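Below you'll find the structure I mean.
Labels for the chains are A, B, C, D, E and F, by order of writing; each one numbers its residues from 1.
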Amino acid sequence: MNSKDIPMVPNRKASLPTVYGDTPSFLGVPVLDYRKPAAGYDVMIAGVPWEGTVTWGSFTGCELAPRSIRHASARYGGFLPEYEIDLFDHLTLGDVGDIPVHPNDPAETMRNVHAAMQRIYRNQSIPFVLGGDHSFTPEIIRALADGDEGKIGIIHLDAHLDNAKSFGSDQFARCGPIHRISQIPQVRKESIVHLGIRGPRNSPTQYEYAQSMGARVITTREVRERGMSAVTEEAIRIAHHETRHVFVTICSDCIDAGYNPGGPADFNGLLPSELLPALHQIGASGISGLDYVEVYPGQDPQGYSSHLAAWAMIYALSGMAQRKRDRPGPDR
Amino acid sequence: MNSKDIPMVPNRKASLPTVYGDTPSFLGVPVLDYRKPAAGYDVMIAGVPWEGTVTWGSFTGCELAPRSIRHASARYGGFLPEYEIDLFDHLTLGDVGDIPVHPNDPAETMRNVHAAMQRIYRNQSIPFVLGGDHSFTPEIIRALADGDEGKIGIIHLDAHLDNAKSFGSDQFARCGPIHRISQIPQVRKESIVHLGIRGPRNSPTQYEYAQSMGARVITTREVRERGMSAVTEEAIRIAHHETRHVFVTICSDCIDAGYNPGGPADFNGLLPSELLPALHQIGASGISGLDYVEVYPGQDPQGYSSHLAAWAMIYALSGMAQRKRDRPGPDR
Amino acid sequence: MNSKDIPMVPNRKASLPTVYGDTPSFLGVPVLDYRKPAAGYDVMIAGVPWEGTVTWGSFTGCELAPRSIRHASARYGGFLPEYEIDLFDHLTLGDVGDIPVHPNDPAETMRNVHAAMQRIYRNQSIPFVLGGDHSFTPEIIRALADGDEGKIGIIHLDAHLDNAKSFGSDQFARCGPIHRISQIPQVRKESIVHLGIRGPRNSPTQYEYAQSMGARVITTREVRERGMSAVTEEAIRIAHHETRHVFVTICSDCIDAGYNPGGPADFNGLLPSELLPALHQIGASGISGLDYVEVYPGQDPQGYSSHLAAWAMIYALSGMAQRKRDRPGPDR
Amino acid sequence: MNSKDIPMVPNRKASLPTVYGDTPSFLGVPVLDYRKPAAGYDVMIAGVPWEGTVTWGSFTGCELAPRSIRHASARYGGFLPEYEIDLFDHLTLGDVGDIPVHPNDPAETMRNVHAAMQRIYRNQSIPFVLGGDHSFTPEIIRALADGDEGKIGIIHLDAHLDNAKSFGSDQFARCGPIHRISQIPQVRKESIVHLGIRGPRNSPTQYEYAQSMGARVITTREVRERGMSAVTEEAIRIAHHETRHVFVTICSDCIDAGYNPGGPADFNGLLPSELLPALHQIGASGISGLDYVEVYPGQDPQGYSSHLAAWAMIYALSGMAQRKRDRPGPDR
Amino acid sequence: MNSKDIPMVPNRKASLPTVYGDTPSFLGVPVLDYRKPAAGYDVMIAGVPWEGTVTWGSFTGCELAPRSIRHASARYGGFLPEYEIDLFDHLTLGDVGDIPVHPNDPAETMRNVHAAMQRIYRNQSIPFVLGGDHSFTPEIIRALADGDEGKIGIIHLDAHLDNAKSFGSDQFARCGPIHRISQIPQVRKESIVHLGIRGPRNSPTQYEYAQSMGARVITTREVRERGMSAVTEEAIRIAHHETRHVFVTICSDCIDAGYNPGGPADFNGLLPSELLPALHQIGASGISGLDYVEVYPGQDPQGYSSHLAAWAMIYALSGMAQRKRDRPGPDR
Amino acid sequence: MNSKDIPMVPNRKASLPTVYGDTPSFLGVPVLDYRKPAAGYDVMIAGVPWEGTVTWGSFTGCELAPRSIRHASARYGGFLPEYEIDLFDHLTLGDVGDIPVHPNDPAETMRNVHAAMQRIYRNQSIPFVLGGDHSFTPEIIRALADGDEGKIGIIHLDAHLDNAKSFGSDQFARCGPIHRISQIPQVRKESIVHLGIRGPRNSPTQYEYAQSMGARVITTREVRERGMSAVTEEAIRIAHHETRHVFVTICSDCIDAGYNPGGPADFNGLLPSELLPALHQIGASGISGLDYVEVYPGQDPQGYSSHLAAWAMIYALSGMAQRKRDRPGPDR
C-alpha cells in the first residue's frame, strides 16, 4: 500500500493499531504508553472519558466520546485538498490512549489528567485531548504552566462563557473551567478570548464576570458582522499578546446545533465552514495544546459530531503542519 | 439563588411552576388561569395543542409541540449576550397554559382560541402562542381586530404561502390561514408580507392569489441576494405601513430543513443566524402578537426544533424588551 | 382538480401512477416501459438500485434510494416561486422505473445500465438517473458517446475526486467513476470540473491524478472565497468549452453533512442555498443528462436526503425549462 | 369489494371514514357525533387524549394513543380464525371520536368524560374507550352507575394496583383510579379483581389498601402456577358475583415489557398469548364497558403497542359477539 | 485457527468470503456462481432481494433482508449445544448469492427465480432461500416439480393463510403464494399445512378457501392447547403423507411480534422456543427446500429479526444434519 | 413521606443520593466510599464501567451500564407483591459507586476490581456488581477466596459457556471468565453450573472444555423439558454441593433476545418469568455475591435491559431477605 493512497484503502480500520477493545488509535497513529510516552512526537492524542456534573439532563454520556471520535477518525487521512498539504509530511503523532478516571472522585480524576499532561509536556510534545466534559481543561493548562513562567493565552470556542465559580457544591463543574483557568498565575486574563458566545443559556452573572476579568467576548452576532476570518485574526492576536503559549479549548456547542446532533441545542453558532478554516488559521499561528469536549455519542446515531470533532482536530493539525513546513525548527 | 444566575442553576427545571403534568411554564414564568388571566402582564404565553387536516402523511403530531417547547424552554433564561439585555428586566410574562381543543370539531376549537385571545387582548396583554398547526392564526387576528378599528399588518415567515381557500372539504386547513386572515376587514392586504417562500411545495394557484391580493412575497432567493437584514427592514416597513398593529406568524418550515428536524423537509430556508436577529429586529419594531406553529416533536428525538422555537420566541421578546427599554411607556 | 393546484391536493400520493409496489413515479409523471420507452419525452427518469463495493462500513444501503426519492417526490409539483416557472409548462417527463441489477455481477449490471441509457438517448430524450452508488455513471456517459463524436464535459459535484483506478480488486468501485469516465474518448479531460471538493477523505494520489489529467478542482474553500454563483459560472464555461454535451453527476456528499443525514459525514460542503440555484444555473446552460447518487435511506428516518435529492432534480429541471422557454427549439 | 375480503383489500386505510385529520375510525366503523350519538349501536368507541400527572418522567405522551391505535386498527378486520367468528356479523359498532379535554384542568376533563359516557350508556350502548392515562376510568364507572342501582364488578388488568389516594396534590392521578372507583357506591369492593400484579413498582401501602378493601389480587406468580385460563375464570366469577355489571380496565403495563415497547418497563407480565384469549373469555362472559390506557406512541416507532391495543379490543369484542351469537337478545 | 473454535474467532466476519460489497456469504460457506453452481453441495443458499406489492404501507423494504441476514449469520457457527451436533460435520453448503430481480417486472423476476431454482435442483442440491417477500415461493416449488412426478407437501409457517387469488391487479402478490402453489399439479392440497395462523389480519374469504382445498389450518390457539411439539409432529405427518417432497415456507410473521421487530405486528405467534425446535424436528424429517421471507431490516436497527432468521435456518439445517448422521446415504 | 409509599412518591429520583453526576445510587441506598466502605451492610452495590475486548462489533458500550441501571433502579422500591416481602425490612444495602478502571490497561483494571472486592468481603458484606463486560468476574471470586479455604460453587446464567482460554492475544476476554474462575483453587469445578446455554454462538471447543472440567451444562432445551423451577433446584443443589460459598454470575444474554433489546441477539433464552423467580429461589438458598454483566445501553433507547437488570437484582435480594427473615442470624 502506498501511504499516499490513505485513506482510500480497503479495510483500513481493521488494519489500524487499537488503543483498547476494537477502538483504533486516532488516525491510526502509533499507540504509546500513557505512563511512559516516548520522545520524538510533536503531538500526542489523549482521551479523558469523564463526565462529572450534569447541568441539563438530556445532555449526558460524553465519556463515550474518545472512543467514538477515534472510530470516526479511522475514515480519514492527513491530506486536505483545500490546503494541498498532508499533515503527516510534517508532524509526528502518537496516541497515548485514555487517562484513567475515577467515576466517584472528581478530584482524583483531575489529578490524573494533570499528571498525564505533565508527562506529555515534559516530553516536549503537545497534547490534543478528547473529552469528556469541559471540567478538566484547567488541569492541562496547569501542566503547561508547571515549571514554565511564560504567560498563557486561551482561545475558548464555545456558546457559553463556562466561567461559573461553582455549580451547586461541585468545584469541578463543566460550566466552570474558565474560572479555574483564570486562577492559574501564568494565565493572562486579558488574553482569554471567548469566541462563539450566544444565546439564552448564558447568565448575566457569567457575562459580567468575563467582562470584569478583562476577557474578550466575541458573540456570533459579531462574527456575522465582521466575518469569521477577521474575528479569528483578532482572537489570535489577543491570545498571543504578551504570552508564550496559546491553548485552544473547544466545546462542541460552539458549533451551530444544525451541525452538531451529538451536542447541546445551541443555534446560530459557528458553521463548519467557519470553524474548520479558523482552526487551520489558529494552528498555523502556533499553539501549545488543544482539547475538544462535550460530544454526546448516545444522541447521535450516525456519529456526525464525532466525525466533526475528528475534522476539527485535523484542520488544526494541518495548520500546525503548514507552520512547521513554512518555518522549520522547534516550535515551543 | 441570585436571579442573575439563571439559567445556570442546579435542578432548575424541577423547581419551575407547571402548567400541567410535569410540564413547566414557558421560561418558568407564573402560571395564569386562561379563563381569567390577571392584569399587568405584557405578554401571555398560550398553547394550542391542535392538529386538524394532515396535508402530508409524514408530518403529523404537532399537538405535542406546546408541551415540548415548554420543556425545552426550561433550559433558558432571559439574557442574551449578543444584545446585552435581559428581557425580564423590562417585560412581565405569564403563561396561561393550553387552550382547550375539540379533536372532532375544528369550528369549536377555533371558537375556543378566539375567546381565549379576546381575554388576553382585553387584558392589555399580547399573546405569544405555541401551535399546533397553522389553522388557528386567523382566530388570534380576529380577536385583535375585535373592537379595534386599527388596521393590521402581517409578517408571515414560512416556506409556503398558506393561502389555500380550502383543502378538500376542510375550511380550517393548515394550508389556508392567510386566506382567512385576508378576509378580516381590518387586515390591510398590502401589508401582508410572506417571507421565506421557496420550493416545489408551492402551487401556481397560491402564488397568483398572493400576487392578486397585493401581498409582498419575499423568496429566499431574494433573501440571499439582498441580505436578511435588508429584507426584514422592508418587511417591517410594509407591515407597519398604514396599520396600527403588526402580527407575526411563524411556521417552522420557514427555517431551513437542516435546522429543523422536527419540521417539514423544506430546504434553502432561513438559517437561525438569519431568523433570530430578524425576530429581534421585528420585536423591536413593535408587535401585537406572535405565534409559532408546525413543530412535530415525534420526528425529533432530541427536541432541536422545540429548542429553536423557544429561542425564536426569546429573540422576539428580547427585541420587545429593548424597545421598551429605549422608549418607555405603553406600547399598544 | 386544477393542475395548477398541484402539489397542494388532498391524497395526492395515493392518486399517482406507481412504478412498482406502492412507489409512485417521480413527480407523478407517466410510467414508461424501460425496454421500449416511448418517443416525445424531453427527460426520462430512471433508477439504478445498486450498491457494489462498500468503502466505509457505516455508509451502505443506497440501493433503496430510487424508491425513497420517488416517494419523497410525490410531495412536490413543478412550480418554483423563486423563478416563477412551472417546469411542466415546458418539459415532458416520463419515468422508466428501475434498471435491472445483478447483485452478484457488477459487470452485467453495468451492461444493463449502458443498454438502458442507449435506449433513452436514441429516443432523443435525456436521462435523469437516481442511484444507487457512484459506480455506474460511466455507463451513462458511454451511452451518450455511442455514435456521437461530439466531445463531452463533466460537472462533478462531490466532496471527493472519485477517480481511483481501482479499490482492491474491484474495477467498478464507487470511488472510481471519474477515472473510468476519463477513459472514454469523447470525454474532454480538461472539461471535467470537480466542484465541492474538501476534507480528509481525499487521498494525495487522487488529487495528483486529477491535476495530471487537467481537470479543474474547485474546493469549497474557493467557493467560500469567490461565491457559489461565480464558481458555477466558471464550471459551466469549462464544461461547455469545446464540447457538445455536458453531463452532471452529483454525489450526495457534495452537500454539507448538516443537510444530508442520509449521506456520508462530510462537512463544510455545499449548502442547499448554494446547490439548488447552481443546479438551476447549470440546467439553464444546457445539459445532456444528470445523475444523483449515494443517498442512504436507512440512516435517515425522515428521508431528508431523499427530499433534497428530489429538490435538486427539480431545480435542474426548472433551469432546463427556463432555457426551453427562453430559446424554443430542439436542445440536444 | 366483498366485505368478507376485509381486511386484505388494497388501499384500505385511505378508504375509511376519518374521525379527524387523516385518522380513520376504529376498524373503519361509522363515525358518530359524540354530542348526539345515534341509537342502535352495541358498542361505541371513544378516545380520551389526556395525560395528567406524570409519575415517571420517561413514560409520557399517552394523549397520542387514541390516534395511534385508530391508525393501527385500519390494518384489521373483525374475523378471527382462532374462533371462526366475524364480530361484525353480530355487533354494530360506531366511533364517536375523541372526548374534549382541557389540558390545564383535570376536573373539567373528568366532567367531560363523565358526560360523554352518560350519553353512550343512555343510548343503550356500551363504551370501549382508548386512553389517555389511567385517571379517567372512574368517570366511566360513574356514568355506568348513574341511575342504575345494580352493583358493579371490576376486572383490572395491570402490573400495579393503582389505588393511590393521591399523588402529591393531584386528586386525579393516573396511579389512583381504583381508589376513586372504590368510592362509587354501586361498586362492590369485593368484586374488584386486580390481575397481572407484579414487581418492585408496587408500594406496600397500596398492597395493604387492596387487601383491606377486600379486592382480589392475582399476581403473575399465581398466573404462572395456575394458568391464565383458570385465573381468568376466577376473575370473571368474582367480578360477576352479586353484580349486574362488569367493567374491564386495561393498563398497557399488565402486558409483559417484551411485548409492549410503547409502555412502561414491567417484566414478567401477561403475554399476548395469555391476554388475548382472556379478553375473549371475559368478553364472552358479558361486560358493560372496557378501556385500554397508558400506551406511549412516542417511544414505539413501529406502533407495536398500538397494534396490540387494537388486537386486545378485537378479542374482547369477538368474545362479546360470540356471546350474542350463542344467546341472542339484549345483553345489558 | 481450529475450525472447532468457530464462531468464537477474532475478526471472523472480515475473514469470510463475500457475495457482494462487504456482505459475507451465509455462515461463511463457499461462494458459488448462481449461473453454474458446482456439484457436491447438499444445500445451496440463495437470496431473492425482491419486494412487489405492498399490502400495508408501514411494512416495506424486505429486499434488504438477504444482505442483512447474511451479515447476521457471520456471528454464528454450525454447532448447537442443545443437540450436540455441528451441521458442518454432515452437510456441505454453498451460497450462490442473490437471484437477479427486475424491479419493474414481477413476471420476469419470477422466471429468474424459477430458472435459478431449476439449476439448484438439477444439481442434486436443495435450496434454502432468503426473501424478499412471499411472492416467489411458488417458483421454487415449480422448479422442484419440474421433471419429477412425485407429490409435494407444504409446511407453511405464517400468521396468515396467504392464499389470496389476487390483490388488486397483481397476480404475484405476497399475500397469494399458497393459491399459486396449490395450482401446481404435483402439490397435494391435503398435504398443505398452515401453522401459526391467528389474528384479525385474516379474511373470512381466505379461511374458507383454505378449508375448501382441504388444507390443514393450525392456529396458535391450537398450538397453546396441544403443545408445539405435538402439532409439529402432526404437520410433518400430513405434509409427508403420500408425498415424495416436503417444502417449508416460513413467513417471519409466524413469529410472535415481541420477537420480530423487523416483521409485521402479529401477536400471540410462535415463540423462538417453539419455532427453533420445530424447525429442527422438521429438518430431521427430511425436506426438499426451505425459504424464509418478509423480514424488514429498515424497521429493526439491531437486526434482531435477521439474526432470528439465521438461527431458524441453522436449526433446520441442524435437523437435516442429524438425519444424515443417523441414516447415511442420499436423502432426496 | 411514609417509607411504605416508596416507590410511588412524586419526584423520587431527584431526591435520592447520587454516586456521581446526576446518577442516583442503586435503589436510593446510602452512598459509601469505595475505598473505606463502612461496616454493617449486608450487601454492597458496586459498578465496573469497563469494556475490554469486543467480540462482535455491534455489541459494545457496556461501560455505560452501571449508570444506566442505577438510573432505572430509581423507579423501584424493595417490595414485591408476589412474595409479600419488602427487602428493606431485612437487608441493609449501600452503594460504593464505581470501581476505577484503566481503559488502556486490563490488568490494572482487574487489580482494581480485586482490591475493591477484598474490601467489601473483609467488611463482612457481599457484593452485587454491575458490569461492564464479563471479564472481571474472576476478580470477585478471587477476592472471595482470599483467606478463606472454603470451596466455591458457581451458578453461571448465560447463553454461552464463556470459558475460552484466550481470545486472540487477550488474557482477560469477556468470553473467558469461567476458564479463569476454574483456575482458582477454591473453586470446585464440578460445582460450576452453566444455565441457559443455547444457540450457534457456542463453539465445539468450549463445549468440550466444559464437559472435561466436569461442569454441569443446562441448555434451554432442558429448561423447556423439565421446567425452570426444577433445573434451578438442581443448579442450587450442585453449586452448594461440598462448597461453602455460591457466587452467581449473570450475563444479560441468558435472557431471551425478545426481552433484552440492550443485549446480544440470542433467542430461545430464559424469559423474565423464568429468570426472576429463579433468582429469588437462588437468593433464598444463600449466596456470597452476584454480578450482572453485558448490558449495552446504547442500543436500547428506552433502557428496558437496564430496568430488567434492576429487577433481577431486586428479585435476588428479595430471596436473600426472605432467607434472613426465615432463618435469622449471620449468613456467611
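Everything that follows uses one rule, which is that contacts are C-beta pairs under 8 Å (C-beta built on N, C-alpha and C of every residue); 3 or more make two chains touch, one makes a residue touch a chain.
Quick caveat, the model's predicted, so the values are computed rather than measured.
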Chains touching both chain A and chain C: B, E
Copy-to-copy rotation for chain A and chain E - C-alpha atoms, rounded to a multiple of 5°: 180
Which of C-D and C-E has more C-beta pairs touching across its chains: C-E
Candidate from C-D, B-C or A-E with the same interface as A-C, over half of contact pairs in common: B-C
Distance between the centres, which are taken as Cα means, of chain F and chain A, whole angstrom: 38
Junction residues of chain C, two or more chains touched: 57, 256, 258, 301
Chains touching one another, given as label pairs in label order: A-B, A-C, A-E, A-F, B-C, B-D, B-F, C-D, C-E, D-E, D-F, E-F
List of chain D residues in touch with chain B within their complex: 19-22, 33-34, 47, 49, 51-54, 57, 60-61, 63-64, 96-98, 100-106, 108, 297-298
Touch list for chain F against partner chain B, complex: 11, 14
Residues of chain E defined as touching chain D within the complex: 55-58, 161, 164, 167-168, 175, 197-208, 217, 219-221, 224, 256-258, 261, 265, 267-268, 299
In the complex with chain D, residue positions of chain F that touch it: 2, 4-8, 10, 13, 72, 75-84, 86, 256, 258-259, 271-273, 276-277, 301-304, 307-308, 310-311, 314
